[in-house]
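What follows is chain A paired twice: with chain B in the first complex and chain C in the second.
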Partner chain A sequence: MGDSQYSFSLTTFSPSGKLVQIEHALTAVGSGQTSLGIKAANGVVIATEKKLPSILVDETSVQKIQSLTPNIGVVYSGMGPDFRVLVRKSRKQAEQYHRLYKEPIPVTQLVRETATVMQEFTQSGGVRPFGVSLLVAGFDDKGPQLYQVDPSGSYFSWKASAMGKNVSNAKTFLEKRYTDDMELDDAVHTAILTLKEGFEGQISSKNIEIGIIGADKKFRVLTPGEIDDYLAEVE
Partner chain B sequence: MSRGSGGGYDRHITIFSPEGRLFQVEYAFKAVKAAGVTSIGVRGKDSVCVVTQKKVPDKLLDHTSVTHLFPITKYLGLLATGMTADARTLVQQARNEAAEFRFRYGYEMPVDVLSKWIADKSQVYTQHAYMRPLGVVAMILGIDEEFGPRLYKCDPAGHFFGHKATSAGLKEQEAINFLEKKMKNDPAFTYEETVQTAISALQSVLQEDFKASEIEVGVVRKENPVFKVLSVEEIDEHLTAISERD
Partner chain C sequence: MSNSTVDVPLQGGFSFDLCRRNDMLSKKGVNPPSYRKTGTTIVGLIFQDGVILGADTRATEGPIVCDKNCEKIHYMAPNIYCCGAGTAADTEAVTDMVSSQLQLHRYHTGRESRVVTALTLLKKHLFNYQGYVQAALVLGGVDCTGPHLHTIYPHGSTDTLPFATMGSGSLAAMAMFESKYKEGLTKDEGISLVVEAICSGIFNDLGSGSNVDVCVITKGHKEYLRNHLLPNPRTYISSKGYSFPKKTEVLLTKITPLKEKVEIIEAGEAMEE
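On to the complex of A and B.
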């Protein structure tokens, strides 16, 4: 990877045993726009703020929530360009699995392979870690699943999680509101309320994005019209 | 080789600073401003127009060789703001990629696909130490078969967005403020309005009236989706129309 001149790792241990580049990457994530995910009994919802730098930006040209396979979606907090790279690599890995086994890739395996890529960039020569944390939402034979992957390459399964600027408030809010028997619709409402908690300005279908996957195992991003309906219900 | 906690190298290559920033990328943005030129792009109902200053620093220079407007294919144009040498590399690679796309897939590369490709390439330079980010902000314009007129802006960080109007370079922020006021109610500009908005934005922000030879203008129109660089006479017509209007 990279020129031979840089065949040493840029991420090395400090005297106290920390990998400082990874910590800095996490700081970059922490200054990104808030995103969150909630696992319901019959599906998963992921959502994010979509604050664009100017009203001149065409918001239809930007989609922060992406699908990796028909039944797995992903959202991020942190650096957009780094996210695009991971999406591309993950999609390719999912497709290669499908080509080999003629089966859709299980969520855990795709998460593991994506996390491996992120870990490689913390150890390989001449590269820096990814400045994103991912929330991967999927529905396969094992049911609905939600995983968070960090720049270090470590990943955990969550019932509900949040990342980015407003992470501590959002997580506190989710801890209070989460119940194990939540339905997907309730989860969407809770997601919107959580985003609203730390939202600067007026929340609308133009400055948030929501993706859901239900028992039909089809991941999709909600249209602005559907988001408006949910927002009206939440009021 | 002690590269432990950044050790000051976070300013030399693209690794994270303690605050989670990439200084090399931020410096690349400064290099774009240092070129001293401002560019503007405006998207109308059925056309897109980009305008930039044409600064010829020496009278002995052949002014026809000084340009920041590059056709990538017959239908796609690219306006590069920033370091000219970096711009030429970018244009060369973009032309190659667009031609290969046409050959491989049998149809013209759409604006957003080219923009994404350029942005993804820029992202690689922000993550790998062996290449620095390019000091160029690229505005790509074209008519998309499905979505109509499209204007995209790609920056050294690897971001890219579609824009209704935008600016890059020295007076970027002032220009964006001006354009935000003009585009507030989502006006659907005609071709003439699009070009005149772009040129008058540049004039207002730089607080000077131009001669036609001091700016470059590139357009694409739905009725004729070929990327066209306006001639000095055509620019003059628009300048006259603007001064008569005021």
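On to the complex of A and C.
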């Protein structure tokens, strides 16, 4: 890559010192479907809306929440194809780390490496920044952790966070509802309620996706049956 | 395109630059240092519910046993294991690398790994290195298409067999298999046949010895029986302890002076600074 016409970076500074492409990338994220994450005392939950463009789409083929390692999962808001590419790269980096050090990659390291990739795409020739923000949920020796990674490559650790369309309402809701000593089950209920806040139409196990990781350090996506159970409890 | 800031070891593999020089040196009688080989007896067989793999546990460095209890059955995937004979570093590195590739593949497909996938990844790698990666492998596992057992030779050729042996003790082990193997063995019959074959290798081949490792893989379940049999126990210390006399006995004392005085020789000229 690096045709002579595009060997310069497409992301250049504006006179005010901003990187306009990244601002636009964040706008792309802001118009994506809502996703959120909550860190509980004994685990982490991440959830997202799964609005499909038509009822004809087979919803079982769409998986927005992916696992990067057995104990780290990720969800996004923004452009799906960009997310796929990042997931592929992150999985490879996690495996390389494991090959080299024979230990499962710590959550902070994986987040840092993913963020590094995202930053590279803001400073290389002929490429554009990724149009996704990621919420990475993991459980390692340091306990449960939740990180948000932005298109610029910056990352933050959150107790609870939301991204996408309904971000301001969702964050206000989370600020009110969040407690430090929440259990994982409570966190799932809170996540569902937060999604419900800005949901257009009827919420059901077919149009949301929830991933959890508990003290067993195994990340998994809840089955539609389990989501139905939680929804029933919330009602 | 993008600068990698992640420090990973150089990819691109074996550098053949020094091979000609090494050849020339060995013709002149200077041989490269010998490396750790596993000598080995490794076996595998298919029984009615799946696959059983077996291996001895001796690693040799020329005529010396350098590891009396090494692990020759390597993990590839939850449902696939691989025994390795040949150069220990080669078998470990190659199985580790393919195991990593299989893990990535599992993430991308969301499915259990197939034995033929592991087989193809291994043989491609070995063929690429034209036999310089000296790893002779017995690969076995159970996937959605059933139980499979393969042997892979260092140059990259493979066989698919109902029972297989590799390594320096392969003839001894194959003798046991050829006379006693039949289709539809039960798990216990299979394990005892594998143990017999490995023991035959352990006792009749110099490059194999110590203990027997067994791995049983069935659909959805695996049992890794490390040191299933220890036919060569080592008695380390006598339980009573050893008692040596405290000191040597003095029989006779005689002192002979060497010279009464010391002679002084006239000093020569002082050294010039």
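Here is the rule we go by: the second predicted complex is superposed on the first by the 231 of 235 C-alpha atoms of A that agree within 3 Å, B and C clash if a C-alpha of one lies under 4 Å from a C-alpha of the other, contacts with A are read in each partner's own complex, and residues count from 1 in each chain.
Convention: a residue touches a chain if its C-beta (ideal position, glycine included) is under 8 Å from a C-beta of that chain, and two chains touch if they have at least 3 such contacts.
Keep in mind the model is a prediction, meaning the values are calculated, not measured.
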item	value
Contacts of A:S54 with chain B and chain C, given as first, second, both or neither	first
Broader residue contact with chain A after superposition on the shared chain, chain B or chain C	B
First, second, both or neither for A:K92, with chain B first and chain C second	second
Which of chain B and chain C A:F13 touches, first, second, both or neither	first
Touched partner set for A:A215, first chain B, second chain C, both or neither	neither
Which of chain B and chain C A:A25 touches, first, second, both or neither	first
First (chain B), second (chain C), both or neither touched by A:E120	second
Residues of chain A that lie at the interface with chain B and also at the interface with chain C	1-2, 88, 121, 126-127
Residues on chain A engaged by chain C in the complex (per definition of touch)	1-2, 67-68, 88, 91-93, 95-96, 98-100, 113, 116-117, 120-121, 124-127
Residue ranges of chain C touching chain A (in the complex, touch as defined)	1-3, 5-6, 8-9, 96-97, 100, 103-104, 107-108
Contacting residues of chain A [partner chain B, same complex]	1-3, 5-6, 8-15, 20-21, 24-31, 52-58, 60-62, 79-82, 84-85, 88, 121, 126-131
Chain B residues touching chain A - in the complex, by the definition given at the top	1-6, 9-10, 13-22, 112, 116, 119-120, 122-124, 126-130, 152, 157-159, 161-166, 176, 179-180, 183-184
